[in-house]
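Have a look at this one before I ask anything.
Letters A, B, C and D mark the chains in the order given here, with residues in each chain numbered from 1 onward.
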Amino acid sequence: MMTIKLSHNSYGKSDVRLVKVTRNGQEHHMQELTVKVILSGNFSDTYLTGDNRAVLPTDTIKNTVYVLAKDHPIPSIEEFGVDLSRHFQERLANVDEVYVDIVETSWQRMVIAGKLHPYAFTGTNTEKNCCTITRTAAAVKIQSSIRDLLILKTSGSGFSQFLQDEYTTLKETDDRLLGTNLLVQWHYKQDNVNFAALRTQLRQILLEIFATHPSNSLQNTLYEMGKAALEKMPNLADIHLFMPNKHNLLVDFSPFHLENPNQIFMPIDEPFGMIEGRLEAE
Amino acid sequence: MMTIKLSHNSYGKSDVRLVKVTRNGQEHHMQELTVKVILSGNFSDTYLTGDNRAVLPTDTIKNTVYVLAKDHPIPSIEEFGVDLSRHFQERLANVDEVYVDIVETSWQRMVIAGKLHPYAFTGTNTEKNCCTITRTAAAVKIQSSIRDLLILKTSGSGFSQFLQDEYTTLKETDDRLLGTNLLVQWHYKQDNVNFAALRTQLRQILLEIFATHPSNSLQNTLYEMGKAALEKMPNLADIHLFMPNKHNLLVDFSPFHLENPNQIFMPIDEPFGMIEGRLEAE
Amino acid sequence: MMTIKLSHNSYGKSDVRLVKVTRNGQEHHMQELTVKVILSGNFSDTYLTGDNRAVLPTDTIKNTVYVLAKDHPIPSIEEFGVDLSRHFQERLANVDEVYVDIVETSWQRMVIAGKLHPYAFTGTNTEKNCCTITRTAAAVKIQSSIRDLLILKTSGSGFSQFLQDEYTTLKETDDRLLGTNLLVQWHYKQDNVNFAALRTQLRQILLEIFATHPSNSLQNTLYEMGKAALEKMPNLADIHLFMPNKHNLLVDFSPFHLENPNQIFMPIDEPFGMIEGRLEAE
Amino acid sequence: MMTIKLSHNSYGKSDVRLVKVTRNGQEHHMQELTVKVILSGNFSDTYLTGDNRAVLPTDTIKNTVYVLAKDHPIPSIEEFGVDLSRHFQERLANVDEVYVDIVETSWQRMVIAGKLHPYAFTGTNTEKNCCTITRTAAAVKIQSSIRDLLILKTSGSGFSQFLQDEYTTLKETDDRLLGTNLLVQWHYKQDNVNFAALRTQLRQILLEIFATHPSNSLQNTLYEMGKAALEKMPNLADIHLFMPNKHNLLVDFSPFHLENPNQIFMPIDEPFGMIEGRLEAE
């Protein structure tokens, strides 16, 4: 006779959105976070019999995020995530793992009459600072990341001498646009660091290598970016870069008997190349 | 001195979109697919030195998808994916793993004057049939899935006797709306099956249990859906269900001195509960 | 000296989402609506001086939508919209015009064991039934519409003998895919009609002409669709069709020395042709 | 007998995307535009009979955008749009009106080692500079606009003493978050202006008033922003502001016996208030 096994289960709340305003006299500080909390463990009763006695409602998880956000100074999303995960770990007997994902939406202080304004902000940046916390009784793992950092260079990039077969029509080039929507994830060797400062430093290293390294392939650029980060930041344990190749196709002007010396391009969203690599310091 | 290790790498093409029209006299058959192909293996030269001699361009991967789609009858996305993955596996010496992801967009034949029309279609369905193929020299793993199957029941669902703490405000209920945007993934024990027919059968089993099983929790419903599928389809090896709880909040009419006996709800996209479970037949 | 004039103003609430469940014994009926209400009139005090005494809060507009949805049988979105607009028109002295926009999300009853289920639904259809109501003291104007009706034919469409200039590279064809994401809007001559039945009739007429009329241009097909609707439905006053040309490009197989006799196409989202026409019965 | 009249028609190409790179020695300048061109006029032949002899294909419109972008210096999107519209107006006998819509995606030069980099850019800004050109034989009308400028202030905003009825539950407040995703459109009195410089000036005026004006209502803030722009920029003919009220709801902490003195908010996307006003200089 067949036996059915519940080999994996988890539950939680996603897309809990919050804005926290901290008042320092006239000067306000604002943070916008989107939080996910997922719990794994021994919750088989609710699955198998509908007995919910071990299930803290996802609505309560949401409330808890709001309450903890109130008291926490949130110096970094990583530190808030660590404390949030501890709350559920310590409280819930049936939980084996708490997973927290935090996305921070960027808000920048307006410059009015040449000065930073105390309480007015613009929020037009797509780039997001993120982290995930994976906590068990034995360990806490913190992964930091940046999402949706759109970068492009109009020089210093080629792609040639690649493998060819009968379906290859791509032409070799020593001058193309190179653009990507960077996702980068990393771990630290120790976790008592200044998360916000290191994040800023890492971002700038990645931009600098992207801009200045002569690219023979997107893979090549990815590797050099990761390598520079590991070399200059000794506390980095590893770095994982996801670099979709956001193509800009050179428009063919030959039907009009015109040249197009890398002037006019057609950006396309699809299809796109997807290049990925993880580097570790040993 | 620090050593840098490239501990993971992959590359490929995503979002290759194609429409295939097969003509059977006057009657046309159409399929719309979106394909991703990702290759992993020994490509460290391009990363470390910019030597691209082992790199088949992602543009060639795209071309290959089109060429292979032309000759392949595509009786199912799974069979097309298996053959597509074999092409790259057999051809490329440096590849350890080929990963193929196919999403099929639904098109339905129009009914005109009471009859199915031979070549006119509507495409308004969000639900997608999908599969992924993971192929190494040693093995081919086929995962089938359905994405974005939006289902809701207005009766037969409660949630009560759950764990409570000081942050719990959710009220117990024996009558609520239960809705989800189902993602379901599964594997077969053997792979020489009628993929399209089994997919249809599985979908109907899932709908039937969702509709008829009295729900004590979304977890409970999820489990019963998976269990019924495994019991009725002996070739299923496992089934993994992802069920976001798409909340419909009961509108509070008490400020207006009115009752709201489960009549008027406010659907919200966020936050949402996320319930997940994988069941295996043993 | 400069004078500043507030030459137009309006305010209201957008994206008020509601689900209404109507119970007929065991059989439930469900409707999901998204409602917008915009008020125009003499609200200059709040603009010029911040005096809000004439401003009913948009939050109250939202509450009102919920309360009126509770009591209204909603036989059609048009009838609900008319009554909703009357409420604000009659109540608010400063209002000159009430504009209501309603979008109905499609839910279909599941078929379980061969029968329509009394309370379980699927909601995977992108197509939307919509209407707008524009009410002044003098008149009520009802516009009905369908949005996002995706249709495609794989035969019976050509485009040739068009105007050419030195920038024309498009080839003439007598056999192409023709697809569009139809938006259609219409008015009735009288408004005491069976909105739901006429909507269904109109939709079927449009599909039939799209499928069967030999197309010399998308403009041509658009006109024939509108003409048939006006001819077969004497109560129609006008019909306005928006037909983006959702291109499916024939993949060029010549580099591979292969034919592509209208078999493999690449659908693209952008750029797209945009064809529009309004027809009136005189 | 019924007569059918084609009372309106237009056609064209939408979402023509282009990147233009201008090389000034080592320093590159890049612009990303998305262009729409719509033609209205006497095109009834293609609608009524499928005779396409007056129809320049939308594909040719696309090609023309690319060719004209190549030669045009594009000092502003407005000037490019004016010239683009002239091309079609002068060439096409049947055209009564040419409508051009241009959206410019923002790219900013990277700062590397403290200096602006000559050819590396970031593109993470959602805010867009836009314009539309409406050209007939008699006149050219230029409308400039900014889309998706997300702004928020955490102080200096209240809403009270508003109209109340039996469905009003909103509480009066003298301290709330005020945020909007600004769309602003304007016309100049004369069109031989420095479009780019005036756009920058206008944006800064709007931000300054948003930040510093004590708000009694979003309407009040909208009016003051428009008024300041008209007063400080004598060449402005009118300004039209669309300000969705992006609500941040104060989270209710009373169930937890906690205070929430404007610290923790829940941002919601829907429903939202929609406030609109157009101001003219007389």
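The criterion applied here is as follows: a contact is a pair of C-beta atoms (placed from the backbone, for glycine too) under 8 Å apart; a residue touches a chain by one contact, two chains touch by 3 or more.
Values in this document were obtained by computation on a predicted structure and should not be read as measured data.
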Could you pull out the chain whose C-alpha mean position is farthest off from that of subunit A?
C
Which of A-D and A-C has more C-beta pairs touching across its chains:
A-D
Taking the mean of the C-alpha atoms as each chain's centre, how many Å separate subunit A from subunit C?
37
Subunit C and subunit D: spacing of chain centres that average the CA atoms, whole Å
24
Measuring centre to centre with CA averages, how many angstrom lie between subunit A and subunit D?
29
Quick check on subunit B: which residues sit in contact with 2+ other chains?
17, 63, 67, 167, 169, 255-256, 269-270
In the complex, subunit D residues that touch subunit C
2-17, 36, 38, 43, 46-60, 62-64, 67, 91-92, 159-165, 167-170, 215-217, 219-220, 222-223, 226-227, 230-231, 234, 238, 240, 244-245, 269-282
For the complex, give me every residue of subunit A touching subunit C.
166-167, 169, 255-256, 269-270
Considering only the defined contacts, which subunit B positions touch subunit C in the complex?
17-22, 28, 30, 32, 63, 66-67, 69-70, 107, 110, 112-113, 117-127, 148-156, 177, 179, 207-208, 210-212, 248, 251, 253, 255-256, 258, 260, 262-268
